[in-house]
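Below are two complexes that have chain A in common, paired first with chain B and then with chain C.
Up next, the complex of A and B:
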């Protein structure tokens, strides 16, 4: 048994090495030094306490989106519409913050309720389109995402426009009462962190112990489950989309009321798409997903330093992240993994 | 309201890139492969075309290089699928992000600089035909190429042996294999040809419809094109109608800019809800296609059929 574990660990290390090598090659090809880039990023992400808080603020929505995707991916569903569910959550939060409730102390909690419900409804709509009308979730999801983006632009330029002049820079800042309470002078978002911890525990319990969750996970373990036309019962599709949409909606609430304190056109920040990359690489497992999300958030948070320190365009971050995920999937593909295993076997036989 | 003729000329001209992309993706999907990377491929090929044509002074060379880059992106997807057993959608999605950001990274020096144009190609006699002439034959070679591709692709898919082979592989690769066709080879070739045409589409953006380069230059058009392919029911002619209708939306949005603020940003998103409605429509018609009392012609228009084996990996014995 320990031998088997040792073998698995060796394979894992070789895979990590190969994937990093691939991503480093891309960085070198683009004319930068992998070492300088990575050290600059980590300095930018963890160098000072304020930077750690900033990294945390980026970690919040991406980890939520990734957790949402674990649920939907487990059902073999390609929830590309996750960005739309984040958008709807943000619209819901802004709706509360812009209303008469915005100046009450209950505002953040009502925002949570409305944002989560709207995200969930948007997810459910995608599921309904799939089950009732056979519209594939990729296209239904994209369609709903763009409807959501259209709605945000309409709201920002129309009913919720800044006082005086409508501008695509966003709405007016929400009233203070609508901000989520924070701790210490560093503004640590305690409540969102607490909520995320609760969600993580619930998802782990749900996937490991509940009957429904085990059924969900069984589908997820099946290697064919990410094949896009995989069969799932309709109730199951609704449930996965509703839970996923609710968690994504929560990410939207945090984006609007914890990060920006207003509604901006690109409120989802592309975090839903990044979360898809995370979950593709982490194989839908909760703990690896969270670790990888932390790595992704650090890269994004520290990436703002690239321009200043190394004069490199900040798009390099997404290039690095997507190439890491690509090479990771390549070294995890059946033929390559087989080759690595064979190589290891041969190496061990040769040494004896 | 604009007079009829100039509007049609503008729609035909502005739609050239979308027409090409939609045709490229239709050919790809006919063989059973989804190239989801269009959003990223368009950006990188638009940049390639513009950068090469600025550097060499030849837009034609830029156009060809864009096709080459498009085919490489497509090749990555199909090789990961057939050789490594990776998910087409996953690879396409990763490429979308990778290529899109790569275009921002590499394109810095080309932002908003002038470059060489394709000359207007006024075809003598033909351009003087009333209505049709100026719309189709008083345009540059890119535009003429784009609308000539519509009937050519339709003819290729429906009437030639090769086209039938591509369709057979998309519908049922196993029975195609039993008839001595190599489905893997067919999918690789069809996806690459599709990729070349998608690349040409990217070139048609930066060398013509939205001349030049800026960050996120073709933003969202890739997703819109994916939607139009479905709207077109995997038929090049219907897809072209979808693309031209989208062009009409764009023109209306442009004209109404002064009337309603915000509409310009919202109108380009209309194809998406429209796509959802169309998909619902297609499904309804397909379910009841034998009992429907609707005229045949309507049925033929809406009754698009997705290739049976689209997105599925080939089963290996």
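Up next, the complex of A and C:
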């Protein structure tokens, strides 16, 4: 935990510099100026209060997905099925919103309960497949994701279709009572922000200070030794999937009831897969993951400005984003990091 | 043929791993590099193989200077290393592994010709294996034999064995040693790196003793064993393995192991006794220990004629493959201590850190509370396993507790076991070493293959009987 020394900070700064250099090169190749791209993204993401709220709405689900993944990665599990767990959370929320409960003032809270439970159950199912039937979590997770996204299309075109017309643009807008309460005219999603803060604190406590979290980490490193310490690795695999699925389900609830106010086919927005990248790039640590998520959310949120301000197609943002991730993974790789460390040491020796 | 090592010095940070080492080795005598863990043997071997570049010094092969710090130069000059864990391809057959792993056959190979060549070598060195067998299905000893043949195909003339016999059965060791003796007589240089005196005596004609990175002496073998131990552990208090001084004679408690399945009657084993389970490598001895831990073998505890089960939380177990089944390689010592602590409360890292520091001192573990388990040496990993066992009395199940440890680490590990055994319900340990089982046990169980061939008090057994009991030979004459 004493990683925050001068040397590590310098290494980090050099890494950021190198990654930006690589990404700038790509932006120049795409025919734009890196400075203008970055400044217009920044304005698009944080320029006005309502833009900050919009960025926040993107940050919420991605950071939840990322936190869910930190839990499952700690248990050594590749929870590729996270998208499916987000989808199930969204279906759960929509189910409540579309039912007679949708017009009750309690609807958002019932949605939270149902969505989180369904996400958690979907995660647990993946864990059961792994432990009981020896199905690797990558296959199980992908399979369950396909089932989930099939279900969403069926629901949107079938039982929950818009009145008179079935369209892939989604269901009808939920009744007002099913929206999450917001603050001020800016519609700040206070409750989701509060929930996410609590989750962040709990996860940090869980992973750093609880015996349960330590046992989960131990299971991830070497399930073979858990027996000797008189606990069962399968129990912790279930636990990781249940917690991870629950948090991912929460992301789904927010997507349906805070962001879209309806169920749409691509309700997860690919945020689960994006979160996998974010978590891996931040070394599976909570704070760096949140910072990187914020950065990505800003890029996505501000990216829509590119077309307006610079006449660049907005899809270029994903190319720029992925190139940043790519360059980051390269500069964060062991050989490059080692070279930077060596260079720094040589520089220091030379200066004395 | 001759290899001359001249004034080799290698420093890692503040540690002087090799200090001005000077050795001359000829092909006529099999040479041993002897020393405790950390004496500098492995560093020297890695310098010879070109993996490390020494800070100063030279190596000559037949008076030709070797380019140092280059593995390809070492390979081209006929230096071949047989390492502790065979570096082979588990998924290939023997034949495929030769084709893939040997330059001898080049890119355009003829399978039939290769088969003939390999078979010729197998015949010469009495290796009875079929070329289509998968490497995975072989024992470690057989894999090492194949590695040796592969080294010969690479034109290795100087063969260095880095503690190759860990995990060998007696029989396998004999086969490999026989092959090495033949090679030596044919003019190859054979160097054995070891900390096991027995095998050095069996195989070698001379030995160089290293300690703390320095050469102590080169001696002819045979040589007085006690003097060798003195040289290896010079200036340190020698730890003598105590022999059964801890017998708890006034205890009224005993345990009973149910071995009816194997055709043995009930044995009443006094509380606090040590039960040694011996068998050759690969016998059922280790499995026996695991079966007790998993409660597949019934053990009852009696105290003042009250019979009771031993509760699961009082059964403590340390496996022999420490990093696979005993510890978590990427967790720190502190994290292990926290895992082994009772309760499921929040962890106070400060008190855990104090506890770790205390255990480090008590068990003489070389490391700090934040060291990862995979950064500890084998001996220290074993001590950590012992340190993590709760202090409260229990049934201690130790699977090969001294596997791969040098004399000194073995001594201090046993010291720790003996210290607590007196108050424990019982200690049951497995081993492949007759001296160890004889020196440490009150009761001895012998395994031949999967079968138990004997269970008795040590006093009703002769040491010489054990080798017959574990090799499955009926006659003990």
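Definition applied: the second predicted complex is superposed on the first by the 331 of 352 C-alpha atoms of A that agree within 3 Å, B and C clash if a C-alpha of one lies under 4 Å from a C-alpha of the other, contacts with A are read in each partner's own complex, and residues count from 1 in each chain.
We adopt the following convention: a contact is a pair of C-beta atoms (placed from the backbone, for glycine too) under 8 Å apart; a residue touches a chain by one contact, two chains touch by 3 or more.
Keep in mind that this is a model prediction, so the values were computed, not measured.
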Residues of chain A touched, compared between chain B and chain C (which is higher): B
Partner chain(s) touched by A:149 [first = chain B, second = chain C, both, neither]: first
First, second, both or neither for A:182, with chain B first and chain C second: neither
Partner chain(s) touched by A:318 [first = chain B, second = chain C, both, neither]: first
First (chain B), second (chain C), both or neither touched by A:10: neither
First (chain B), second (chain C), both or neither touched by A:202: neither
Chain B versus chain C as contact partner of A:210, first or second or both or neither: second
Contacts of A:326 with chain B and chain C, given as first, second, both or neither: first
Touching partner for A:104 - first (chain B), second (chain C), both, neither: neither
Set intersection of chain A contacts, chain C complex versus chain B complex: 227-229
Partner chain A, residues of chain B touching it in the complex: 36, 80, 83-87, 89-91, 93-95, 97-98, 101-102, 104-106, 108, 220, 223, 226-227, 230, 261-262, 265-266, 269, 272-273, 275-276, 279-280, 283-284, 311-313
Contact set on chain C toward chain A in their complex: 312-313, 317-319, 323-331, 335, 338-341, 343-347, 349
Interface residues, chain A side, partner chain C - complex: 205, 209-212, 214-215, 217-218, 221-222, 224-225, 227-230
Chain A residues touching chain B - in the complex, by the definition given at the top: 30, 78, 80, 129, 133-136, 138-140, 142-147, 149-150, 153-154, 157-158, 166, 168, 226-229, 273-274, 276-277, 280, 313, 315-316, 318-319, 321-323, 325-326, 329-330, 333-336
